[in-house]
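What follows is chain A paired twice: with chain B in the first complex and chain C in the second.
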Partner chain A sequence: MQTKQHSILLSLALLAALILSACTAAAPAAAPTAVPQATAAPTSSVKIGLVTDVGRVNDRSFNQSAWEGVVQAATALGLQEGDGYKYIETQDSKDYADNIQQFIDADFNVIVTVGFALGEATIAAAKANPEIYFIGVDQFQGETLPNLTGLVFYEDRSGFLAGALAAQLSKTGTIASVLGTDLVPPVVAFGQGFELGAKYINPNIQVISTYHPGEISQAFTDPEWGAATAKQALDQGADVIFGAGGITGNGALQEVATAPGAGTDVFCIGVDTDQWETLPAAHPCLVSSAMKLITPAVVELINTYSADSKMTAGNYFGGAGLAPFHDFDAKIPQEVKDKLKEIATALESGSLATGYGQ
Partner chain B sequence: MMQRTLRITSYVAILLVLLFVLMTLLVNLTPLGENRWLRIFFSVSALNFTLRASVPLILGALCGILCERTGIVNIGIEGMMLAGAFAAFVAKTSTNDWPLTASLIFGVLVALLVGGLMGLLHATFAIRYRMDQIISGTVLIILAGGISAYLFDRDAVAQGKFGAIAIPGLSQIPVLGEVLFTNPPLTYLALLLVVVIHVGLFSTRWGLRSRACGEHPRAADTVGINVNRLRYMNTVLGGMLAGLAGGFLVLEAVGQFQEGMTAGRGFIALAAMIFGNWMPFGAMSAALLFGYTQALQNELLLAGVTSVPRQFVSMIPYLVTIIAVCGFVGRVRPPAAEGQVYEQESGSE
Partner chain C sequence: MNRSALRRTGQLLLVPILAVCSALLVGAAIMWLFGDNPVAAYYGLWEGAFGSPRAWSTTIRKMTPLMLTGLSVAIAFKAGLFNIGASGQFIMGTVCSVAVGVNFAGLPSVVHLPLALLAGVAGGLFWGAIPGLLKVFTGAHEVIVTIMLNYIASLFAAWTVYAGGTQGQTPGPLWDSTAGAISRTPEVFVSARLPWIVAEPYRVHWGVVIALLVALLSWWIIFKTTLGFSLRTVGTNAKAARYAGMHVHGITILTMMVAGGLAGLAGAIETLGLNHRFAPEFTGGVGFDGITVALLGQTHPLGVILSAFLLGALDAGSARMQFSSGVSVDIIQVIQALVLAFVAAPMIIRQLYRIRKPSDQAESTLFSSRWGRS
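Moving on, here comes the complex of A and B:
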């Protein structure tokens, strides 16, 4: 009898375990939303759905940046969360197509998919549903579809700026990058840009870099590999480390932050977002981040669509650049800042090419 | 016969290690180090990486050995590790205002406690409720992944982590001192535990009884050993070791927690345990080998060697595993009663 009671308790515990693991999706994204002004804004027929890459919507990285863009655009349109705009968190890479289909079945007409890995599923869905507008963040489009925008960035440019900064900070003449995986083109662009930028400042600088050996699903979620690899690079005399690879890269930044001489002799540079905001543990060494500005680009694309029903076909290039220096602002010499500004302007105007992909 | 093969393998291993040490000394102290390839294989940075990458694998494998030697299959090492890591992080962040050492030690203790509780859960499922042990292990992995992701507060920052302690005297030895005797405390502890568990398993009453439970529980029961109590105890101890591996990741290696940060180390530890033939020193060697191949991959990339495609470099650990397991197959033998529920014969029969 007692055993039976225990069995029931046990089953409940297991059930709770399953529910809890499923619950990771339930946490609402704490994006800075204003209270939606349902009455003030014009009623719109736009319904925006966002499918994240594997991970959570408040990951302080891609998913969150894209979602913040959706929230901003939707709030301006007076949409209600749940009804007018919502997200689905992907739990497993096998679910990409199903998650997109859920939005299609629920009559959403703008679907944002976040991440390179969703590229194929997005293209397939866009071909099957020509009346729905798709935005694929980080998905370069080789073939132009009328209802699909590939939101891409000049990662090589922000990597180039990061490399230029690193080369000017380095005293040992060796800098390093700890990268996610070369299976994802934007990561390669960041890495190559970093090297080219460093060589642009100092042709003799030694740039050492390494990619995570695992497959895509592991390459961005292994902070200890990033940390140990950063240590390996420090052991080899590198004094500025560029960590580009999600949580793996974060591990590298955290390692540098706790290394002897952090912030005086050794520095680190983050990636994607302004990591000063997203990774407080890296503050001791974080001079800047090579950013891609996802949020404003998503807002821009959604606004273009809702205002004129115009679907931007092909690729749309969002902004890219260096994040502010924050606490290191006073420690970075003015001539370094001037040089970076000069390079950024030249890259923008086209008078300077990074040399990536040539 | 078995004994003799074992002895020969040990001699070969020791010889290889000595050769390796000699090469390392030569490369780092003589002009031999100017050779790029030798530097890739024997540089200090590669050896530091190797040891560091092996520690969680060693602890995880020891956890597996303790459980499986008494007859409980444990594929949930990954979950126990993750739970330990998360517990250590929570403990560390909530005691940030304590003195650093106290706070870190508190973190280690909490990691041990939570790891032990995970072990207890596994043992309860496996022994009391006679659940399939593979399923129970899977449940632990899902449970730890779900709860830690759900409760993880991204704004929390753990301040400080274990720093390296140089052992006086020994750390002055060139090269070896830097690699072996200038490490943070949990690394020393992991290496020490290998010896302790080896001696415990093969030279104490507890070890003999544990192994009896894993090989032939009925025989053990007949001579009056409480099989299930011993299985409970060893699974809890094993859980504590896996928890310690998680604590290592948070308190000594990365310094912070991230979701899913164990990244498959529990499974690689399992492979190290099998590869090491359920022996502590064997598992340690396997873990070091896995760590070394990882280090080698990085060294090659960092040295800018592009003549070998990166994908081939990534294959090294798996190739080594396959070759090694093939070479040793037939010798590797799991405990006989592994995974079998034992019904104690109290009273009847």
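Moving on, here comes the complex of A and C:
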């Protein structure tokens, strides 16, 4: 009996602790939400939700770029975070549909889903909810739905420019790319574009392209492999290394940044965003990044919708190109810059094709 | 049920229930420490798991594969084997059922669906047989072998749907040629799909009924048949079992095959009922969660149903929790890990709540009885 009494008392004590902690925590949490509700003017009926791909909203890559676009567009519309716009971080790829559904149930009318992997769930949700506008970042649409924009990029062009830059910087005649998995098409486009761009400058250049051999869930989160692969490429004489594959690619950039001769003999090129801003550790070697400009494209699409309530159907091609050279600006010869500008213009006008996918 | 049976059941349930409560309390404390509101979070969790018909359907959808992978791990435990390989067996089941589901066009559903399900079971069974055979004939420990086989399975599965990049490599045999550069299989034929019990938007399929029936069948086999008795005896004391004339090697191989088959069935059901195709990103954590389900369910098939329901509910509610309270879904993983820690180390719970050890130790399974021996 003695023990039973003990256990009951202990349970009660723990229960009390829970209730107490709940009460104290509830008070401060309630305060800030009350204020904006009172002052927020009903300026717009737009409510924007964002579902991340597996990972964090502040991942310094895709998710973050798309979220920044949402924040910029929403701020311009006078929306409040929480009521007018919010995000859900996905933890498991099986939860895409459920996470999108949260926004549908809460009457959000613009839903941004980030990443190639959410493509199917986004299409299904768009078909089931024709009154809601969906923006699928990195989701190429084979079939046009009136309420779904596939925001896609010419990664091959971006990669092509990076390759052209690398080939012009290389003294050894060997360059390398450290890539996320070839199970994901945009990564392949970057990798192929890089190779084709380099060969465009110098047909005899040697390009060591290495894709992560693992599954999708590991391929973008393996900086050790990225670093080891970059090291190997350096040992084989590569002097410009393109890191394209999330954190895996970042591992490669950081390896090059700490290698002897970083910034003078060996260089690195980042991917997706201007990695000068997002990966300071790569500053010693980072000459540029092969970008896809997600943020302005997201802002543009949301503005089009909120201003004219027009949903952009089919695919929308966002900007792709090289990031600024930053500290290397003075070290890059003018003729290299001119050549890159010439290629960029030719790619834009269609007079030059990268050759990717042919 | 007489009084002593009732008490025994109560004793059996006490530790898991207290473990879950303690995990929720510690989870609440963690949220509170990080400045989040645990009440709002748990309210959101509750709403997301049971607050609406859609919530219930999500819970049921999430618990279905967990029931089967949980049974897979639980049955192996009963025979003294630690099946870490449910994840790989699940994947093999998925791949095999898809292989049947995307072929044989024109077969009637009464043939195609059972065939696809059986292919899934066979795939898992085969993947489970390997560690069983290796353990018996070479003494290789099943924990090591199953962990390795998990990697082989997931990379094998990725290969079967490999799109070939654009570098001219051969695409995988199950690759959907209409998908361009995307690595995935085509959708399985309608004739191979499990029908919905409740269709869109609830998406509850007959898999949950299959899983429940299989759980009941497992209970019957383990506790009401000679085979089940041998299995439990091998698990409790392999030497005594051998002395009693039981075929320990045969039981070991058979158990691993059954465990694999169950996980394979989970993969088949998830594919034929829900996803309708396979893509490399579908190789999620249900296999590993099966370990938590089995331990929380005290390796008892009926306990597994309850614990799969609980973990399914936690999973189902997490999206709503994050949406309404802003608490990161990571906390759900923390809670699940705490549940696992508390049930795997019942001494903590017993000390904390001053519970005496159950009177009949004979029936209890020794989780680590075979480590380093055999």
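Definition applied: the second predicted complex is superposed on the first by the 316 of 358 C-alpha atoms of A that agree within 3 Å, B and C clash if a C-alpha of one lies under 4 Å from a C-alpha of the other, contacts with A are read in each partner's own complex, and residues count from 1 in each chain.
The criterion applied here is as follows: contacts are C-beta pairs under 8 Å (C-beta built on N, C-alpha and C of every residue); 3 or more make two chains touch, one makes a residue touch a chain.
These numbers come from a predicted model, not from an experiment.
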> Given the touch rule stated above, what does A:Ser309 touch, chain B (first), chain C (second), both, or neither?
Replying inline: neither
> Counting only touches as set out at the top, which of chain B and chain C does A:Ile216 meet: first, second, both, neither?
Replying inline: second
> After lining up the shared chain so the two structures overlap, which partner does A:Ser45 touch, if you call chain B first and chain C second: first, second, both or neither?
Replying inline: neither
> Touching A:Asn99, do we find chain B (first), chain C (second), both, or neither?
Replying inline: second
> For A:Thr264, is the partner it touches chain B (first), chain C (second), both, or none of the two (neither)?
Replying inline: neither
> Which of the two partners, first being chain B and second being chain C, lies in contact with A:Asp182: first, second, both, or neither?
Replying inline: both
> Does chain B (first) or chain C (second) touch A:Gln254, or do both, or does neither?
Replying inline: first
> What part of chain A is shared between its chain B contacts and its chain C contacts?
Replying inline: 6-7, 10, 14, 17-18, 21-22, 24, 182, 211, 214
>> Touching residues of chain C toward chain A in the complex: what are they?
In response: 21-22, 25, 28-29, 31-32, 35-40, 54, 58, 154-155, 158, 162-163, 165-167, 180-183, 200-201, 280-285, 316, 318-320, 322-323, 326, 328-330, 332-333, 352-356
> Considering the complex alone, what residue numbers of chain B touch chain A?
Replying inline: 43-46, 48-49, 52-53, 56, 125, 128-129, 139, 142-143, 145-147, 149-150, 154-155, 157-158, 160-161, 249, 253-256, 258-261, 263-265, 294-295, 297-299, 301-304, 310, 313-314
> Across the complex, what residues on chain A touch chain C?
Replying inline: 3, 6-7, 10-11, 14, 17-18, 21-22, 24-26, 28-29, 82, 86, 88-89, 91-95, 98-99, 101-103, 105-106, 116-117, 128, 140, 142, 182-183, 185, 188, 192, 211, 214-217, 356-357
> Can you name the residues of chain A that touch chain B in the complex?
Replying inline: 6-7, 10, 14, 17-18, 20-24, 27, 55-56, 58, 60, 176, 182, 208-211, 213-214, 218, 221-225, 227-229, 231-233, 235-236, 247, 250-251, 254-255, 257-258, 280-281
